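Both complexes below contain chain A, partnered by chain B and then by chain C.
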Partner chain A sequence: MSRYFRELSVVGALAALLLGLAIFAPAFFSPQPLLSLVTREAPTLVVACGMALVIISRQIDISVGSQFSVCSVCAGLLAARGWPLALVLPASITMGALLGAINGALVAGLRLPSIVVTLATMVTLRQGLNLVRQGEFVNMPDAIQWFGLPQATGQLVLVALSVALLIALALAMRHLAAGRFVYAVGTDAEASRLAGIRPQLVTFLVFVFIGALTGLAAMMNIVQSPQVQPLSGAGLELKVIAAVVVGGVAISGGRGNLWGAFAGLLLLACVSPALTHLHIEAYWEKAIQGAIILLAVVADGLRSRKAGN
Partner chain B sequence: MSAAPLLALRRIAKSFAGVRALRGVDFELHAGEVHALLGENGAGKSTLIKVITGAHQPDTGEITVAGQPVSELTPASAQALGIACIYQQPALFPDLTVAENIALRLESLGALGRVRWSARRTRAAELLARVGATISPDAEVRSLSMPEQQLVEIACALGAGARIVIMDEPTASLTQKEQHLLFSVVRDLRKNGVGVIYISHRLEEIFALADRVTVLRDGESVGTHPVADMSEGALIRYMVGREVAQIYPPAESAPGEVALALRAVGCASSGVRDISLEVRAGEIFGLAGLVGAGRTELARVLFGLTPADTGEVLLRGQPVALRSPQDAIAHGIAYVPEDRRRHGVVLDLPIAHNMTMAIHRRLFPTTWLRFGAERSLALDYIRDLAVKCSSPDAPGGSLSGGNQQKVSLARWLATKPRVLILDEPTQGVDVGAKSEIHKIIRGLAKDGLAVLLISSDLPEVLGMSDRLGVMRGGTLTAIFPAGTDAHTVMAAALGQAEKGAA
Partner chain C sequence: MKNSLLRLCAAGAVLLASLATAVAADSKLVVAMLPKSKGNAYFISCKAGADKAAKELGVQLLFDGPTDSNAAKQNEIVENWITLGVDVIAVAAENKEGISTALRKAQKQGINVITYDADALPDARAFFVNQATPEGIGQSLMDEAARLTGGEGEFAMIVGSLTAANQREWQKHVEARLKEKYPKMKLVVVRPCDDLKDKAQSEATAMLSANSNLKLIMAICSPGVPGTAEAVKQAGKAGKVKVMGLGLPNENRRYVKEGVTDSVILWNTGDLGYLTVYAGAALAKGELKKGAKTVKAGSLGTFQIAGDNILLGKPFIFNKGNIDQFDF
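Here is the complex of A and B:
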């Protein structure tokens, strides 16, 4: 019980927010806008799952936004050339995995700090994309939109896909030896090595994994609109890192879980629509999200101080 | 001795979250005395030290320093009263020079915070000379050995005008020669009227150095005695409250076939060279030597952490390549590393996870974790090794040192190894747990394991080993049969003997 206190408190805050909305702005719960909101956040959830793994393994990846943009544009161009969805989707995932492999090779192979490596790849990818594309939009063929399904069905597919992925990953982190390796490496890489785990391999694979998930997320995003914007991923890294941290994953590695990250993402995502429905100025959104993040970090700090005493 | 004691503690009690760590400790330290503090792990020594240094406030009890009652001791006021503590791991800044480190502790800021470098260096040199150290004040602390760093700590304490110096297991990582140097510094402190509280698990040090000894047991002081009136057996009896009947369990079976053979094994990067030895199934092969003689380095070669670049390793007669820990594990080699607090046990993870960490592919062939199987395996080892814990789900960090060591051991026994390498298995472990671990090791050998036992505790390695190798300068210099006397082995470790007979 107390083990999951941190996650439960985020769920509690989310429940309180939803309850408040139910009383003061029941319109928030009308199905269609709610489904649209959840659909918009589905790709973010996929990337947040990957980010949770990266942070549990005591690394960070701030290049996911740029990876997302690159994958989006590449997938968009392939689709525009008439590639079928069945090929564009794996291509986007592979692209993301390759970009992740670059980060992973630099971090695990050369043992460079991940914040510096991914800062460099973030800037390089973003500026490279600007240079090549000059900010041009890509027009998407209709066959790609909503996977060629009716919009409502497509939305449901996206939401179901992201939630299924969340459940599968959460189970894997708990029930697969591989998941336990991620926790072990994040807690103490040297001790893991002495126990026969390959910490560098685990780190590399975690970066490849978040890249692949980002490629998938990019795909889940471009099916939602008729055009691909070249900067669609800008700011994504901050959003997912914030969600993961608010959800109780320790930035120092080894602690936290995907359910917490999920709750954290929902909490942050609900702020903006809640403000709209409560007729509060939208300018407050970032400030409130910032306050939530600060609160989470302070709570973690107080907790670890107490534990250290 | 007629004056008031330098430090007096009366009926000190301290509880943490309902657990009584100290339940009435009396302790007196006189000027010019070395007073040993002895007790099993968990007896309350570290809590008591934290009370004396002001890190913890006692719940009840009185503290007087030089006859003056002290109402509230904080780290700052303890320092002002002349109380200093030298920890096992010196807390110095590795990238700063010795003089800068000393200055950080002792200097207050002058006008405009200007640094007077020459005065700083002179001061450091003076203090270092007082502790008999030949260390340059300009040396970076990173380049110093552990005992040199301890001397710097002691120099800081002297510079701060310490009258009460607490030394917490200062010799844990020192070689024999370095110990002698440290002992003479301690004796100098005593001569100059400093009171020294000396904590060590090594009884022979207490007999060599201390004037009086206070034994703590279960958070209480069970008596203070002049060391001259005590025997080792009596001290152990006080500590554990019972006689440790047989300190070292004897060999019970004849060794079998050769399990591990090394032929001229060397590894340039870690300084191990030309090592040939054989360990038989059922045999405990001890490795003695000074710290830095290359014993841990040899273990790391065998475990594939720093693979050998010359020679060959044979397991049951077959040459094998040990390029990584995974290779070593696959060939049935297990390595229980030293310094378990850092690397043996992952402190944040539950005991059960720690125990199964090395066997995932074996216990979980589908790599889908079966929590039931994991739990029953953990419970088996907790029972077999008598691990004292609340549950298999408790984090490794909640255990005492001896029990952490057992968890680390269990992790490797679970891999069903044929060769078990133990690196300082009882370092920092209390006397009771130590003899339990010795029994476990002997039992494993009896079950047919080939055991390579690295230990800096000479009585232990002498008492436990069926054969004993001595390493010096990265190579094996002698092999002795069981029953060799300590003097011969120590002489070989120091490089003063010719090759021993196998």
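Here is the complex of A and C:
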């Protein structure tokens, strides 16, 4: 119980919010709009899973928003050229993995701090994209939308895909050796090296993995609308890092799990539609989200002080 | 002696004649037009109008600009035009302060300088061709919303951000017009989309489920309009909940044609280019002087001038009927 206190407190806050909505704004739970809202967050969940791994391994990747944009635009352009979905999807994932590999090579290979490396790639990718596209939308053929499925089916597929990925990753992190390596490297890279793990390789692969997930997420987003805005994904890095931190993953690495990140994401993502449903001024949105993050960080700080004592 | 005098006269006549032709060639005004970026569809559509005006006026139009939005490159091009000795320079400034030094230099060399689309500092140009005032935009948005809903019912608004100065200004004028003219309409929710189409889609989805009586959503930032349209379409409320706002024809074309988006409001970019060339030529010919109240622009008629702002006038409404005439 106390071991999962952090995760459970987030779930508790989420439950309280949902209960409030059920009483004051039951329209929030009408199935069709709710499915649409949940589907909108499915790509974010996929990136958040990747971010949880990165942070557990004691790194950070703030370039995911820019990676997301680049993958979205590339996938959109390929789709506009008439490439079938069966090729666009792997292309987007590969593109993401390549971008992740650049980060990974710089961080793991040259031992550069990940915050600086990914800050550089974030800005470079974003400005490069601005230069090439100048903000112009990519128009895609209608066939790409919902993977060519009916809308409701497509939405269910996206939600199921993101949740399946979450479950698979959460289990893998707990039960597979590869998952434990990520925790080991994040807890103490030197100790893990002495134990026979290659920490630099693990770090590199974690960056490649979040890149690939970002490429997949970009794809899961562009099938929800027939146009790609090159700015798409701006600010995504803050959204997912906040979700992961609120969910109890320690920014100092080695601790936390994907279930917590999931709960954190749901809680933060609920704030905006909840305010709309409760007819509260939009000015509160960022303030409330900020307060939630602050509360989470303070809780972590208090706990580690207690542990230290 | 007589012979050489004759020769001299002949030579003088030839010289005079060649001088006259040179003057005739020179008398064709050269108007140099600088866009923020020359490959941008928005400015290409400005150029279409500028070309038309140049043809009507018999002036030579130079159209050049950076390939990307590059303030330093804009300065370079202006410097080249000063060396070339053009008659008029018309600029859409990428950087207000940055371009002004070069423009002041051009003015010192006797070149007439005006700005269009995006202004430079007031002392660096004679007039600014202002495509739309915040008041004009706000009123057009609200009037069109009222027209689409029959002047009554609830509507919602998506803004780019809650703090951006232009967004605040437009929103203020929409609300002022609402209060003044449409008592039966009610603005029930305002949400920001951070200039992201994806966020606008999420916000509109939540708005639709939270407000079952919604009759219209107005988006006053350009990515907001297609984002809203997609949400309304997915909610199966196309036609029942009207969509309109400020935006570009190309970003909204598919939704306008599908009947999801009713009206997209912006200015007519062709007219902006047309008016700019007419105003520039009038300035060079001395027909347009400081303090003038109006300026004539060919087939578009007379335009008002407020201070040193030449006003393009009421925004333009793109809809199903006319959107295919525009490509930007």
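Things worth noting here:
Rule of thumb we're sticking to: the second predicted complex is superposed on the first by the 309 of 309 C-alpha atoms of A that agree within 3 Å, B and C clash if a C-alpha of one lies under 4 Å from a C-alpha of the other, contacts with A are read in each partner's own complex, and residues count from 1 in each chain.
Keep in mind that, in the parts below, a contact is a pair of C-beta atoms (placed from the backbone, for glycine too) under 8 Å apart; a residue touches a chain by one contact, two chains touch by 3 or more.
All of these numbers come straight from a predicted model, not from anything done at the bench.
After superposition onto chain A, partners chain B and chain C are found to sit side by side with no clash. Within the superposed three-chain model, A:224 lies in touch with chain C and out of touch with chain B [touch as defined at top]. Applying the stated contact rule after C-alpha superposition, one finds that A:27 touches chain C and leaves chain B untouched.
Rounded to the nearest 10, the angle at the Cα centre of chain A between chain B and chain C in the chain-A superposition is 130°.
Of the two partner chains, chain B is the only one that A:198 touches; chain C does not reach it. Of the two partner chains, neither chain B nor chain C is touched by A:305. Residue by residue along chain A, chain B and chain C are tallied for touches, and C comes out ahead. Legend: residue contacts after superposition of the two complexes on their common chain; A:283 is shown touching chain C, with no touch to chain B.
Contact with neither chain B nor chain C is seen for A:111 once the two complexes are overlaid on the shared chain. By the touch criterion defined above, A:184 lies against chain B but remains apart from chain C after alignment on the C-alpha atoms of chain A.
Of all Cα pairs linking chain B with chain C in the superposition, the shortest spans 39 Å. Comparing the two interfaces of chain A, the one with chain B and the one with chain C have no residue in common. Interface residues of chain A, counted against chain B in their complex, comprise 174-178, 180-181, 183-184, 187-188, 190-198, 254-255. Residues of chain B that touch chain A in their complex: 303, 305, 324-326, 329, 335, 337, 342-349, 353, 357-358, 360-361, 364, 367-369, 411. Across the interface of their complex, chain A is touched by residues 37, 39-41, 68-69, 162, 188-192, 194-198, 201-203, 205-210, 212, 223, 226-227, 230-231, 234-236, 250-251, 254 of chain C. Chain A makes touch with chain C in their complex at residues 25, 27-28, 30, 32-34, 36-37, 40, 131, 134, 136-137, 139, 151, 221, 224-227, 229, 231-235, 272-273, 276-277, 279, 282-283.
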